[in-house]
Structures are given as structure tokens and as C-alpha cells.
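Shared between the two complexes below is chain A, which pairs with chain B and chain C, respectively.
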Partner chain A sequence: MEFLRPATWAEALAAKAEHPDALPIAGGTDVMVELNFDVKRPPFLLDLTRVTELADWAPDGGMLRVGAGVTYSRLISELGDQLPGLAMASRTVGSPQIRNRGTVGGNLGSASPAGDAHPPLLADSEAGAVVEAHSVRGTRFIPISEFYVGVKRSALEPDELIAAYWLRPAAGPQQFSKIGTRNAMVISVTAFAIALHPASRRVGTGFGSAAPTPRRATEAEQFLSDELTASGRWESRAELDPAAVAQFGELVAAAASPIDDVRGTASYRRHALSVMAKRTLVWSWSDFRNARPAPNSRRTA
Partner chain B sequence: MNTPMTPSPARSDQRLDAPITGRGWSVRDSGRGSHPDTSQPIARTAGGGSRGPDDVDNTVTRTGLVKATSTRMDQSSHSGKVGESPLRPDGTLKVTGEFAYSSDMWLADMLWGATLRSPHPYACIRSVDLTEAVKLPGVYAVLTHEDVPGENLYGLEHADQPVLAVDVVRYQGEAVAIVAADHPETARRAVEKIVVDYEVLEPLVDPEVAAFGDMADDVPRLHPDGNKGGGPEGQGGGKNIVRHLPIRKGNPEATADVVVHGEYEVGMQDQAFLGPESGLAVPAEDGGVDLYIATQWLHVDQKQLCRVLGMPAAKVRLTLAGVGGAFGAREDLSMQAHACLLALHTGKPVKMSYSREESFFGHVHRHPAKMRYEHGANRDGKLVYVKAQIILDGGAYASSTPAVVANAATLGVGPYKVNNVAIDGYGVYTNNPPCGAMRGFGAVQAAFGYESQMDKLADALGMDPVELRIRNAMAEGISMPTGQVVDSAAPVAELLRRVAAMPLPPEPQQDSYDLRQLPGGVSNTTHGEGVRRGVGIAIGIKNVCFSEGFDDYSTAKVRLEVIGGESVAMVHTAAAEVGQGLVTVQAQIARTELGVERVTIHPIDTQIGSGGSTSASRQTYVTGGAVKAACEKVRGRVLKLAAERLGRPAAALRLDGDKVVSDADGVMAALVDVLHEDVVEETVKWRHRPTHPLDPETGQGNAHVQYAFAAHRAVVDVDVDLGLIRVVQLDCAQDVGKAMNPDAVVGQIHGGSAQGLGLAVMEEIQVTDGKVRNPSFTDYLIPTILDMPPMTVDVLELADPHAPYGLRGVGEPPTISSTPAIVAAIRAATGKDLTRVPVQPHHII
Partner chain C sequence: MRVKCTVNGEKHEIDDVWEGESLLYALRERMGLPGSKNACEQGECGSCTVYLDQTPVCACLVAAGQAQDRDIVTVEGLAGEEKLHPVQQAFLEAGAVQCGFCTPGLLVATHDLLEREEQPSDPEIREALAGNLCRCTGYEKILDAVKLAASRKAEAAT
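And now, the complex of A and B:
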């Protein structure tokens, strides 16, 4: 196995073009596990940690462009106010040491259905986040809902690298909730994210570990958006109709196609998704009614 | 990959040609180590201060209660003697990451070993083709069973396990071939190039079918060579039964007012030690081998290795390397024989070090259990009878299954007085992973059964579960289901009362929340919705030391001499320090008995007689007893010397503060002046009082040395909508006879309780069709600091007159009662039956 260490982004893209079978590595929190377990034995490792621009983020045209190499720790500390859902998800990743190394870019690159960052990226806005992929051939902007194409497979071409992802700063409450059978340092049994977008009167969702890919619960989104609009609740900020909350939960569960595996059963995953959907909706709506900003104040550091 | 260099704790007495290991213990400073917290003196009640060892020996003495919430010793009188808490000699090194574990060992010209393991739980081996593996550059040896010079079998109680598979593999992970190469990756690649032609067979994975399946039908006999793999003759029965132990007491026809039935299951727990199996075998000029190894019992390894290698013990020398936890998983051989075979074959040192994944296949696990219980009681709550069937899945090889069966069966009613008992314990062969020793050893499984039953019975009677237990609590003087009369303290009722009386944590706040305090933690699954609190109590019983007539001894050599103008004691044993703190306790005993400050612990090796196993909560008892006895002999000789030189009768003299002291006249002489050039050395082989076999038909007999007890109270919050659990508080009361080192005692109770928590709510090796589904720490979960709650610990010291210093084994009891207490609390919160551990979320919703 060769270890490629490009000093610049251009060198990295050239290397990836020359060696499409090179496996990119940033924090290594996923790649190294796979190497150690002998799951993967790539001919080349492409180390991206020297490419400094990957670790930058900046506002750009009303959106946030976040470099693929920004760590979970920095997402929590630097972007927690603007991207609360993603920050909450980041907080559930591994241990402090892992969060200091791991990146959302890596989560996207692995495209595991269990990746914690995916649900909030899906829920981010009406269309979800956008992945910016580069190659020596040019730049592609891939909508997040088209990014995940199969179990641990993404829409990236073999010569492409993830440069950044784009999200809208939260304009409404966001929540993230994840089931694990341990109270810390646990891979998700299933996870759910919700984002309210009062300006567009839409509700965004995303869930993980309950289908071959991370997914949106589009019918649930549609139902709830319609319900809130039809009942005038975006304006009145009245309490939610319990029947609508229940229906939302059921539709989220129905959107999943989970399996039985070593971490949990399919029926438990569906059930848990409905419970998380209902609870996170109630919390988000409560935040919206109280016109509080997204609930970072609750974050436990 | 680079070969790791070892951070080396340099030792002056290290042989220059020896590999660097972490086995040396310099304890010079341990008696004076500074504690960060010296403000809280130990709290004692009901008896005042601690007593000297001679006061407690041979008398039942209540030395009072150690409040473990304030165990720090008063430093002003700190000398590192028995009853104090000197720092571990290796403590700072471990905390700072400098301690050299067995996997850190390194020699300049060493090779790396790797193991080819069967992917199938059950298969015949048609052929093994080594051609491509041997061709790989850097490969020095590829060995199969044909290269084993001695007997190709090993095993703790019955040698039924091939060192390398011959024509059949009986579990997934069974070793088939081994490789030595100049680089670990090369060794692994060579392993991949070995071609094995398997005829895959249908695995036998149901322990009940294994035990009771019809002999005539297609249930295979996994060990057709009869009792080569079977248990003790006459105790089998079914064709795959390793041991059946019936316990019969009283009237088998007894009837009762209230009867409760229950069926319970315990999943396969892993010891999950943090330092995977590793060791370094170095071929010696005499044709023998020196093995530096992380193990629990050097001499039982040596005995098995001698048979495999066809060598006398003098040529198979073992030295303990730095052990990163054990919990029973290092009692059986893992890579020991493989590394020695490769080293002797290549003439080069060979290191083997398992990965975490391989470790899951490289050691035995806790036996999964299926248990059927029937409890009968009168209306007043008095137990009339207990009937039980306990089936323990031993997996493919016997390991210590017979002894595990004995514990589960003899302790199967728990710490209760029951006059009519019918228990059948079974250990069986299957094609599941081999199971053997793990902390609690059979008593853990049974306790989940009998304590679940006690709660069920309390419910049926409408009684408080603590009251029901106290009403049936065993006590000193009662007769066990084996007929053995309990002849030392058995404070079962008192332990229950103590945990029941401990303050409860505050109720959860209604108006605010901290995610870390809620089920699910920072995963943000609830802000209080669906959370119900439950409280549960349980108590357990464990035998201490080896049972059933086993010749259970330890050997200690103690030397007292003048080195550099100071009197120094050296203690040498072969007893494995696996993290439990025996090295600290040995030095404490030497300081106490010889009145010296400086104590050196000799490297732990087979140059001295056996120390017995570091298991069964026995080392402080047995090796501690041996060290004490050797010290007493040395002291006798020194005082005789002193008597001659000082002209006083030896009986009027004692050793204290590195001086010879007379009670009448104070300090008589410095110890160095009495010793001069003399080296006083004694070696003692020490035994606890004998035990006896159990009658194979009735299970009657004085089989156990000592009983130990711990009780837990668990407070849990359960999210009943999601099935997520947070243990809010886990309190423990345990009798330890004598807290030899109170900090270490409380550490054992914390650790044991955490391991029981793991079994209650998360730890299980999931096995389907004989295959392990989660051999990693991603999916085999052990508790983190956010899962383990604060504990209040009460340590009772009710001396056992038969034991050195009155001590009682500490390590295992807290693992036993922790699990059923937590499950009882979850039942209280959810109203669910919960008959299987670990409890999973989908059991609750």
C-alpha cells in the first residue's frame, strides 16, 4: 500500500485522477478501522490532511460552504449556532478524541447508512445540503438526496474528491436524535433529524441506519408541511395537533426499510424512528412557538 | 508498518538478553506514595480502629465498617502495611501510558507469528496446502498439527483441544495452521495463502439438543473419542454432556403454598480485557524455550506446554509479561503453544499479538445459560423448596466447564436457606465458541435465575423483595444444598439491610434536564418523555478458591538481607499480577510481618513453584497466605539471630520500623546490624484447608473453601418508549473479611459492578449458527464512564477465622449481584418480565 501525501488540492486531484483506486483519508476514524480489520486493502491511501483549504468554512451567498476536512469538534464549537442539527449529530460521534479527528467529509466519503452527519444534511433545507465534488475534469454540485446511491456507495466518480458541502444556516429550529445501546461512544441503531423551515413553510427530515442509504421521509415532510400550512400554524404558532404528530411519526417509520442486524431489529428501528420523529417534532415546534433560536443552549459540552 | 519499540521501565536486575517486559515491580516507594487526597480519614464504626493481624486470625472479629466513600487513609500513619492503601507500584506507569504490556515486547531479530483460523463452526478438513504460503518472501515457518512434537492437545481440566486442528474444526476461529515471518503483515498474508479444503458440516448450536438430543438421530457426537473430551467419568450421560451435576437435598416431594416458575437466559459475555493476547517466545541454547507471556497461571501454562512440546519443565520457562486485564480469559492457552512451536522451529524469537477481532476468537467466554427454576414458599415467605435445571453452553471444548457447572449448581439457590433442593447443572459441548472462566464463574448465571425468582416470588406473595430475602437469608451455621455447613460469617441479611438503607438519588427534575443524566445521553432521545424510574435489589454468593478437593496451593519465597545499608525484603512468587493488585498486597504483607519498609517483588516466573491461578478470587487468600507464612518463618529465624546477638529470648522481641524491638525496652537494634551479612530466606508451599469432592449422585460434600457475599441496589431510569436505559446509581455492600488494601478493595467492587452492569444492559457476543456476529468493540459494547453511575460502597470486615488476616476473596462477588439488581430495577420501571440478559431495547418496548 502506497501512501500519497499531496501538499495542495491540485496535487490531490491529480493524484486521484492518476490513481482512481486511491482511498482518501482525512481523520482516519473510519478508514483506519477498516484497514485494521482488513475490510479494505486499497493500493493507495490519499492523505488529505496537508490540504489546508479543506479545513476552512465561510458564508457564501446566503449559504455556508464547509470544507470537507472541518472536524466534528470544530462544527460543534464554530458552527453550532448556524448548523444546530449538524452540531447535535456531531456531538454524538464517538469520543472527544474521535471528534477531534473525524470529519463530515469522511462521513460523506464512506456513505455508510449509519453515518451520523447524514440525517441533518438531508433535513437541512428543502432540497437538503449540496456536496461539492472536484476532479481534474472540473466541479460538480451534487444534491444530497442524489448523493447516496447504495450501501456505502455514493455518487462520486472514481476520480472525484469531496471539496466541501453547502448548507443554509438554520432559519428555524433543528433537532437530531440517535438510538444507541450505550449512552456514549456508540454507533447508531437508527437516527433521525428534523429541521423546520418557517420561511418556506417546509419541514425537512433525514434518517439513518434504517434503509440501505440515509434517506428523507418525503411523505412525512409533505404531510406535515401541508398540515402546518393548511391549519395556519406557521402564523398562529398554535400547539400541534396530537393526531398530526402521531401521523408524522407513522409516516417517518413507513419511509424506512430497515433490516434485522447485530445492532437491532427492523421492527425496533421502525418503532424508534416514529418515537424520535414525534419527540423531535414536538421539541422543534416548542422552540418555534417560543421563538427561541435553535436549542444550542441545551447542548452539553 | 513499523515494529514498535518498547518504552522500557529499566530495571537493574534485568537480564541483558531478556526482552523488555513490564514484569518488574519496584515497590520501594509504594509505602510512601502520596495520595492526592489525604483529607478524609477512613471511617470506622462498631469496633473502632483496625486490629492487628494476630488479633483477627483464628477469631471471628468484627473489625467494623469501612465507608468506601471515604477510603483514603490517614497519611500520618501511612507505612504501606496491611489495611492501608499504598499506591500500586505500576499505577503511575499505567496511568501515564508507560507501562510495558505484553504486546509491547520487542527483540531485535524476532519474527511475528500469525494464526490461520477456521471460518466454519464445524467442518472436516480434507486437505491443507501450504505451498503458496511457504513461498512468500519473509516467511520462516508454516506449521500444522504435524509439526507438533509432543501431544497435540491441551486443556485446563481435560486435554481435549487440539493445538492445531487435525481433521476436524469444531468452532469458528479454531486454529488450523501458524506462520512465522519477519513482519506481521507478511505473516498475515502468508496465512491468507494457506489453502484449506473444508467439508462444511451442520453445526450443533442448541445446547439443549446437544444435551438431550436423541442419540440415535442425526445429532453429532462432537468428541467421538469418548472421554478424551468428556467430563469426569460417570458424570456425563448425553453424548455431548461435559458434566452433569445433580444436587439433591431434603424431600423431593415437598409442596408449598405459593409456587413460581421461571425460565431465564444469560447471553455470552466476553471478558473484554483491554490488552489482547500476546507473548514472546525465545528459543534457548539448551534447546528449551523462554516464554514471556500475559497469563493468569504460569504453571498451568507450563504444564500444558511441556506436553505439547515434549519437553521437561526445566526447559519450558515462563515469565509473566505485562498483563492488560484477564477476568478469566487468560486461564486457557491462547498463543502460548503456537509461539513456542514457531520459536523452536525457526530458532528465532517469535512474538504473537492478537488484534481485537482475533482476540474475540482467541479466548473462552462466559457460558451462556438456559435456566428453569421453580421456587416453592409458604405464605409467610419461607422457602420450602427450589428446583432448577441449569444448562451451560461450553462450546466446542471443555476448558473449565466442569468447574463452572459445579459453581452454578452448588450455588444455584443463592445465599438462602432452603431445606429441599433439586438442581441439575449441565455443561455441554456444542459448535459455539468455547466458554470457560469469567469473573463470577457459574455463579453469575445462577444469580440471574435465583434473584429473578426471588422477585417473582415476592410479587406472588405480595411481600417486599428485601423482606423476602432477609426472611430466607442464610447465615453462619446453616447447611448449604451440598450439606456443607457454613463456618464463618455470612452476613446476608445485614448486607441487604445496608444497601436498602442507603440514601436514594434525587428524583429527576421536572423543569429542566441534562442530557447526560437521561437514558440515551447526548444522543438526545428524550428530554424526560417516557422516562420511568425503578429500583431493584439483589444479592449473590460466590465460592472463593478452588473447590472439590483440588490441591490448591501457592508457593512463596521471602528473603531478608542488607542491601546498600538497608534491610530489604524480597518476595518471589509465580502468582500472576493481572491488574488486581497482588503485587501491592504482597509488599504490604511483607512490611507487616517483617517490620521493614523496603520490599522488592521479584519478577513473576516459573523459577519458583506454582502460585496457582489468578482466579476464583483466591490470590490474596492463597498467595497472600503463602507470603505471610514465609515471612513468619523468616521472622522466626531473624528473631532467633537477634536473640543470640542481643541476649534476649526471641519471644520478647519483634520487628518494627526496620528495627528489632522489645516491648519492655523499646528499640534494641537496627535490623541491619542484626542481619549483618546473613541472608535469611524461606520458601513455603501453602495450602488452604482441604476441600472434598461432591457426590456425583447427590452433589453432597464439603466442596468449597469459603463463601463470599455482595449485595447491590440499582436505581435506573428507563425510557419506556425507546427501551433505552440509564443506571442512575448502583450501590453495593460487601463483606471482605479484612480490607487488606481498602482502595484496591473498593476498586474491585467498582470494576466488578461495572462488569455486571455490562451484562445487564449491553454486553453480549452474538452468535448465530455458531458464528460470532460482533467481534469488535464497535458492536460488542462495554460500559463507558457515561454508563457507569456513582456508587456508594459499604465494606464490611467480618473476619473469617480460617483465612489469613481473616480476609475473604473480593474480586468476583460484585459482578454477581450487580446484574440481577439492575434487571430488577428495569422490571420495576417497565413492568416487563425481562427473562434474558443483556436486556435489549426491543425487550422493553
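And now, the complex of A and C:
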């Protein structure tokens, strides 16, 4: 095994181009487990922790560009108000020690269906987050819904590295819920994220650990967006129709294709998803009702 | 591979480090610092918690090569020459140590908590120590120890 230690992003991309089989390592919270347990023996380890620009984030054209190396701890403390859904999911990752090292870039790179960051990335804005991948050949912007292609497989090419991901700062309430055997240090049995986008009258969703890849519940999103618009609730902020809440839960469960495994059964996962979908919808709608309307939405109302 | 880093204020230079090796292994087997304990090797138990550039991390999940030019403080670096660190003293007095295997990690995690929060609440202590497993004490004595250390620190400051 060789340990590659690029000092700059250009060096990192050149190393990945020369050695496409190099395994990138940032926080190490996935990679080191595989090395410690003899699961992986990559010919090259590509250490990205020296590339300082990966640990930056900045607003850019109404969006937030977050470097792949920003840790969960920093996401929570520095971006919790702008990205509440992702921050909530980040708080459920591992333990303080893990959150001090682990990154959303690593979650994306591993592309595990159980990664906690994926549901809020999928629920963000109409199309979800965008992954910015670099290689010596150039830059690609990959919509998050096209990023996950299979169990622990992503749309990244062998010579590409994740530079950053793009999200819209929250313009409405967001919620995240995760089922596990306890609060800390737990891989999700299944997880669900919801984001309300009142300006565009849309609802975003994402779920994990209940299909080969993280997924959106697109039919549930469409149903709820239409229902809230048709009933005038975006303007009236009236209580939700219980029948619509129930239907939303069922549609989310129907979007899953879970398996039985050591962490839970498929039927439990479906049931849990419908419960989490209903709960997080009620929580986020309650946040929406209690929030002061933004000036432009008051005008349209 | 050769790795140079600073541990507990002392410069270390170690040779023949395997590229896939963890910082924990390097500390224990190459630098003669067995205070950080090796239990789960997957970041579950926290018994290998060390400071890496002032941030508590699981040493088992840091590649030794990633420690190059970094500053590490282990449990061995908490106490002075003569006396235990007040956090260590509090753990002893409160009966927070039984078999002792989890103690080094808990000491570093508690040390970090009290650097950030002078008088942490119970939920704050539980959250800060959520990554450190103890199979003996039932955690109550550990909570007592953290609160004892916090009150001693507050006294010392006045």
C-alpha cells in the first residue's frame, strides 16, 4: 500500500488521475474501519486532510457551496441555521469524536444507503442538492438524485474526487428523523427527511436504509404539494387534513423497497417510514404555522 | 513510511509505519504510549480518544500518515509531573474507575467538555460522553466525577 499525501487540490486530482484505484480518505470514519478489519486493502490511500480548500464553505449566488471536507461538527455549529435538516441529521451521526472527523463528502463518497446526510440532501429544494465533482478533465455538477446508482456505488468516475456540494439555504421548515436502537453511535434502521419550500409550494423528501440507494419519495412529494396548494393551505396555514397526512405516510412507505437484515425487517422499515413521514410532516407544518410569514409570501396571501 | 508528529509536546519520528496503520497502533506500539486503549477499532467505544490538533477524535480512525506534522495529546499528556490532572483526581475520588479500560478515553472526552463548558448540565455531559462506552460503572459515578471536576475547576478559578 502507498500513502499519498497531496498538499493541494491540483496535486490530489493529479494523483487520482494517475491512480484511479486510490481510496480517498478524509475523516477516516468509514475507511479506517475497513482497513482495521481487513475488509479493504487498496493499493493507494489518498489523504485529503491537507487540502485546506476542501474545508471551506461560502454562499454563492443564492446557494451554499460546502466543501467536501467540512466536518459534521462544523456543519452543526456554523451552518445549523441555514441548513437545519442537514444539521439535524449531522447531530445523529456517531458520537462527538466521529462528528469531529466525519464529513458529508465522505458520506457521499461511501454512498451507503444508510448514510445519515443523504435524506436531507435529497429533500433540499426542488431538485435536491448538487454534487460538484472534479478531475483533471474538468468539473461536473451531478444532481443528487442521479448521484446514487447502487448499493455503495455513486456516479463518480474513477478519476473524480468530490470537491463540494451545493444546497439552497432553508426557506422553510425542515425536519429529520432516524430509527435506531439508541440515540448515539447508531447506524440507521431507516431515516427520513422532509423540507417545506413554501415559495415554490413544494415539499421535498428523502429516505435512507430502505432501498438499495437513498431515495426521494417523489409520488408522496407530488401528492402533498398538490394537496397543500389545492386546499389553499400554503396561504391559510390551516391545520393539516388528517387524511392527507395518512396518505402522505402511505406514499412514502410505498416508495421504499427495503430488505430484511440484521438491523430490521422490510415490513418494520416500511411501517417506520410511514410513521416518521407523518410525524416530521406534522412537526414541520407546525413550525410553518408558528413562523411569521416572510414579507413576499404575505403579499401573495 | 516515516511519520513525524508532536505527542504530548514531544517531537516523535517513527519509521516503518505501515500505510494502512492507525494512529492508535502507532501510539501504542511504536511510541510507547499505551494509555489510549485499543478495544473496538471502529470508533464505537471511544477508549482510544486523543486530541488531534486540539480536537478529540478516535485514534483508531485516524491513519498514522494523517498525523504527519500534527499535534497530538493523549491521556498521558493530561497530568503534570507531580500531580494528576483534576479530572483524573475526580474520577478516582468519585469511584468512576472500575476495570479502568474505558477511563483514558473518558478522561480526554471530559477534559474537552470542561474546556468548552464550565458547568455542564446532565444532558450536556451525557451528550459529550455519548461516544465513550463503559461496561462496569453504569455511568452514574462517571457523571458524579465530571460534576466534581467541574466544581473543583470553578473553585480554583475564583
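Some notes on this structure:
Everything below uses one rule, namely that the second predicted complex is superposed on the first by the 291 of 301 C-alpha atoms of A that agree within 3 Å, B and C clash if a C-alpha of one lies under 4 Å from a C-alpha of the other, contacts with A are read in each partner's own complex, and residues count from 1 in each chain.
Assume contacts are C-beta pairs under 8 Å (C-beta built on N, C-alpha and C of every residue); 3 or more make two chains touch, one makes a residue touch a chain.
What you are looking at is a predicted structure, and each value in this text was computed from that prediction instead of being measured.
Chain A has more of its residues touched by B than by the other of chain B and chain C. When the two structures are aligned on the shared chain, A:Gly27 is found in touch with chain C, with no touch to chain B. Applying the stated contact rule after C-alpha superposition, one finds that A:Met88 touches chain B and leaves chain C untouched. When the shared chain is aligned, chain B comes close enough to touch A:Trp283, but chain C does not. In the superposed model, A:His271 lies in contact with chain B only, and not with chain C. Legend: residue contacts after superposition of the two complexes on their common chain; A:Ala246 is shown touching neither chain B nor chain C.
In the superposition on chain A, A:Val151 makes contact with neither chain B nor chain C.
By the touch criterion stated above, A:Ala238 is placed in contact with neither chain B nor chain C. In the superposition on chain A, A:Arg263 contacts chain B only, with no contact to chain C. Look at A:Thr181: by the touch rule set out above, it reaches chain B but stays clear of chain C.
Overlaid on A, the two complexes show chain B and chain C touching the same residues of chain A, namely 33, 36-37, 183-185. Of all residues in chain C, only 1, 18-20, 22, 41-44, 46, 49, 55-58, 60-63, 65-66, 68, 109, 127-128, 130-132 touch chain A in the complex they form.
Put simply, chain B touches chain A in their complex at residues 188, 355, 357, 513-516, 519-527, 529-530, 721-724, 726, 761-762, 766, 773-774, 776, 778-779, 781, 783-787, 840-842, 845. Of all the residues in chain A, the ones that touch chain C in their complex are 1-3, 5, 25, 27-29, 31-33, 35-37, 41, 45, 47, 49, 94-98, 100-101, 183-185.
Interface residues of chain A facing chain B in the complex, by the touch rule stated above, are 33, 36-38, 88, 91-92, 175-187, 189, 262-265, 267-268, 271-272, 275-276, 279, 283, 298, 300.
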